Structures are given as structure tokens and as C-alpha cells.
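Quick notes on the structure that follows.
In this document, chain identifiers A, B, C and D correspond to the written order of the chains, with residue numbering beginning at 1 in each.
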Amino acid sequence: MIGSTTWVVADGYIPATSTGPAPDLTSHESVCVLNAGDADATVQIHVHFADRDPAGPYVLRVPAGRIHHQRLNDLRHPEPVPLGVDYGLVLRSDVPVVVQHTRLDSRQPANALMSTIAYAAPGGGR
Amino acid sequence: MIGSTTWVVADGYIPATSTGPAPDLTSHESVCVLNAGDADATVQIHVHFADRDPAGPYVLRVPAGRIHHQRLNDLRHPEPVPLGVDYGLVLRSDVPVVVQHTRLDSRQPANALMSTIAYAAPGGGR
Amino acid sequence: MIGSTTWVVADGYIPATSTGPAPDLTSHESVCVLNAGDADATVQIHVHFADRDPAGPYVLRVPAGRIHHQRLNDLRHPEPVPLGVDYGLVLRSDVPVVVQHTRLDSRQPANALMSTIAYAAPGGGR
Amino acid sequence: MIGSTTWVVADGYIPATSTGPAPDLTSHESVCVLNAGDADATVQIHVHFADRDPAGPYVLRVPAGRIHHQRLNDLRHPEPVPLGVDYGLVLRSDVPVVVQHTRLDSRQPANALMSTIAYAAPGGGR
């Protein structure tokens, strides 16, 4: 059992503009989930904002032994994640997984990247 | 209860110059706080320096279920955070939160980004 | 004994194009392993994908007191890591080590960098 | 008591070339130490390499309540840290501190940045 069942990303922000060829170099954020275990994972994501109730759950399924890299820009259900707006993420999985968060910002004519292993709540955060 | 009540950022530095349109691409640092709990959070920040006593507390309020992304550049009380000066941050919250720290450096004619989940003191760090 | 025996990187992706002189500025990813102990380490890496079984093990040997920075681009056995494809890594060592993961992306005409200490499974993740 | 007494950075590398005005935009790496406690800290750093014995100790003193951001490029005793060479760091402090590691890479004509909270050995790593 490798990982945690609760993960948090505090700095979410999808830049609203881009330079360079789409879709590879479109400004975006991704949550990257690795499921190293033997059971498939169902991951529920809630998006938290500064001035409204959270959106979600967004649901990802990550089979046993697989990864899933999800661009936040591409989520549509229950609603798109707005561009150019501050947010944060809480991810809850039914089995332990590992979560990393990455932003590619191509607003200026070159890429900028940031990434961090997300915060793993000890004991799952319950 | 997701998070910790004590968080540390050791590498604080707001570049003093910028390229690109303000305010979005102004060089800046942000502390991003996510409060996943049911109680509002009051976060006190102290800014530590190399050669003087800490400044603060700066006070942020993060309602239950909300995020707050605070540009350090924008803090005014009790005093502005100086540009181009090394510093560090200690954040103490009355309820568990999660803290991420991000710098956008646009001194050269493109963006550079760095980000990391801050250090969460086990047991709150008391 | 400094470190953990199980480490995870969830966001693996080697950009397929580059600008700038090779090999230094070729887009690449590295896993950086530090063995601070008195015994040599054997590290087995499995590469996890979205839509196929994991590849591996790739085997690194890190002598006592040494570091080993391994470009994922350079792995050949049992098979190369594909460029432009999402993946993740699970590293298992026979003695505690510390793992950091870094990407240099030079697809646009400047470098972008990201790095994070990998996820250390508590208790080794067994 | 906030922090740990043993910290590890696995991906050390000081790019050997730079663009932009020195010294601010010279390619460099820094270890950033925050001492939030009431006692002064003495930090001993060992630099680990791929193919030789570690160098050090390099000694930093971080007074109570202060930060110290140390460019690795500037260390001279017992010996300079070589440019363009892979290395890693083990930092041991006599009191708990927090360590963050940052690289600015200006080899191409724009900045790239990466940063991460270093690995904090549980229980100090002894």
C-alpha cells in the first residue's frame, strides 16, 4: 500500500493565455495520480475557491498499476474549472495513491514550469 | 481535519524587477492557503530575515472550505515585505490548513516559476 | 539511516523536442538518488503508464556515500522510456536513500525547470 | 521546536554558464535555512558526489529567529563546489531548522527556477 487516500494542492491557477503550439504548450495544470496498488482507485476531486462553495466531485478512475495525468483545463463535469482564477484541490481516493501537481505557464514567449508532490494527509486526513 | 497548524517556507525572495504586463506578470511570491475544514481559520504569518528581528504578525482569514492566495508583495500591515531581500515565513493557524508557496520571477523576458508544498511541522510544531 | 526504501514520482513526462545545445539542454527528466548510508544501494525502478503494464525493473547501483543522477532518457534496459508519453515511477531500494525528481523542458527557446523531493512512503511502503 | 535536524537535497547541480546581469542572475543554487527556535543553529553540510568521497563539512551559523540563504556557488571552505557537476547535500543541524533548496538556471536567455522543501529525516535521521 503506497501512498495516502487524501491529498491537497493549495496553489491552483490556470493561466488564461498561452504562447506556442496547442495543445502541448497551452498553459495548463495537471494532477498526476499514480496507483501502485493491486486495486483500482476511484478519486474524487473537489475544487475550492476564495469566494464560493467548492465545485465537484470530479471523478477519476485509475486502474491498479496505472497512472492518470489529468489536465484540470479538460474537466467538464460537473463544470469547467475557470481560467485565471485562484483555486485549490482536495483529492480523496478509496485506495492509497500518490499525487503530484504541475503547472505549465506559457503566457510569456517561453515555458515556465512548477511542480510539487501534493500534501499527503497523515492517516488519510479523516 | 486536513493539514497542519504550523507551516514554514525557508526560501522567500521577491525579485525587484519584472517584464511583462502588470499586475499578472509582476514578479511576486504567494502563500496559498487551503482550509478544507468546517471552521474558519485565522493564520498569523511572521517574516524572518537574515539580520533583523521577525516582522509580523500578518493576519489572514480563510473561511471554512475556502482558499486564500496571498501575494506577499501586497501585504502592508504591519509593514511591507521588502523586495530583493532574502526572507522566510512561519505560518501558524488556529485550525489545520495546507500551505503552498510559489514564486513568479519575470526579471528576464520570460517567466520562471517555482512552487513547493511548505514544510508542515509534525504535531503543529509546538 | 537517512531516507526511505520506497519512493514515488507521479508526474513523469519527457518532452520530445528541445532547443539549445545537446546534451546539456536537451529536454530530459532525472531521478536523483542520494545514499547517505554505509551500505551500497541497489535501486529498482518500475515505470508506470496510463494504458499498459509497468516496464522494468530498471536497476541503479548507488554506492555508500554517493549520489547517482539518472536521466530517464538514457535508460535502455529493459527498454527505453518513450518520449512525449505520460508516466510515473516507483523506486524501491534495499537500503534507505533519498530521491528527487527534476524535469528540464526546453521545447520553447528558453529553459523551464521543475523539481520536487519525491514521495517517501512511510515505513517503506510495504 | 519547528523542523528537523537532518535534511537532504538529492539533485544538486550548478549550471556553469549564465545569461543576464551578475550576480543576481548568475546561475546558482541556494540552500535556505530558517531557524524558528530560540537557540542559535550550527549547520554542517556535506556535499556528496557520484565518484568521490564527500566534501565538507561546510559550516553555517543561523542565529535564533533568523534565516540564512547560502549560495552553494559562494562556498570556499574547505573547497569550492564545482560547477557543472552532479552532487547532493546532507545538512545536519544541532537544533531543528527548516531547509529549502532552489536553483536558478540562466543558461538560456531567460531564467528557469526550481525549488523544493528538502527531505526532512524523521527523528533527525540518526
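Basically, a contact is a pair of C-beta atoms (placed from the backbone, for glycine too) under 8 Å apart; a residue touches a chain by one contact, two chains touch by 3 or more.
Chain identities (UniProt): A, B, C, D = Sensory rhodopsin transducer.
Being a predicted model, the structure only gives us computed values, none of them experimental.
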{"item": "Interface sides of chain A and chain C: same vs different residues, half threshold", "value": "different"}
{"item": "Longest centre-to-centre distance from chain A, chain (CA-based)", "value": "D"}
{"item": "Intercentroid distance (Cα basis), chain D paired with chain A, Å", "value": "30"}
{"item": "Centre distance in Å when chain C and chain D are each reduced to the mean of their C-alpha atoms", "value": "21"}
{"item": "For chain B, residues that touch 2 or more chains besides their own", "value": "109-110, 112-117"}
{"item": "Chain D contact footprint on chain C (complex, rising order)", "value": "1-3, 19-20, 24-25, 30, 32-34, 36, 65-69, 98-102, 104, 106, 109-117, 120"}
{"item": "Residues of chain B defined as touching chain D within the complex", "value": "6, 8-13, 48-51, 53-54, 86-88, 90, 103, 105, 107-110, 112-119, 121, 125"}
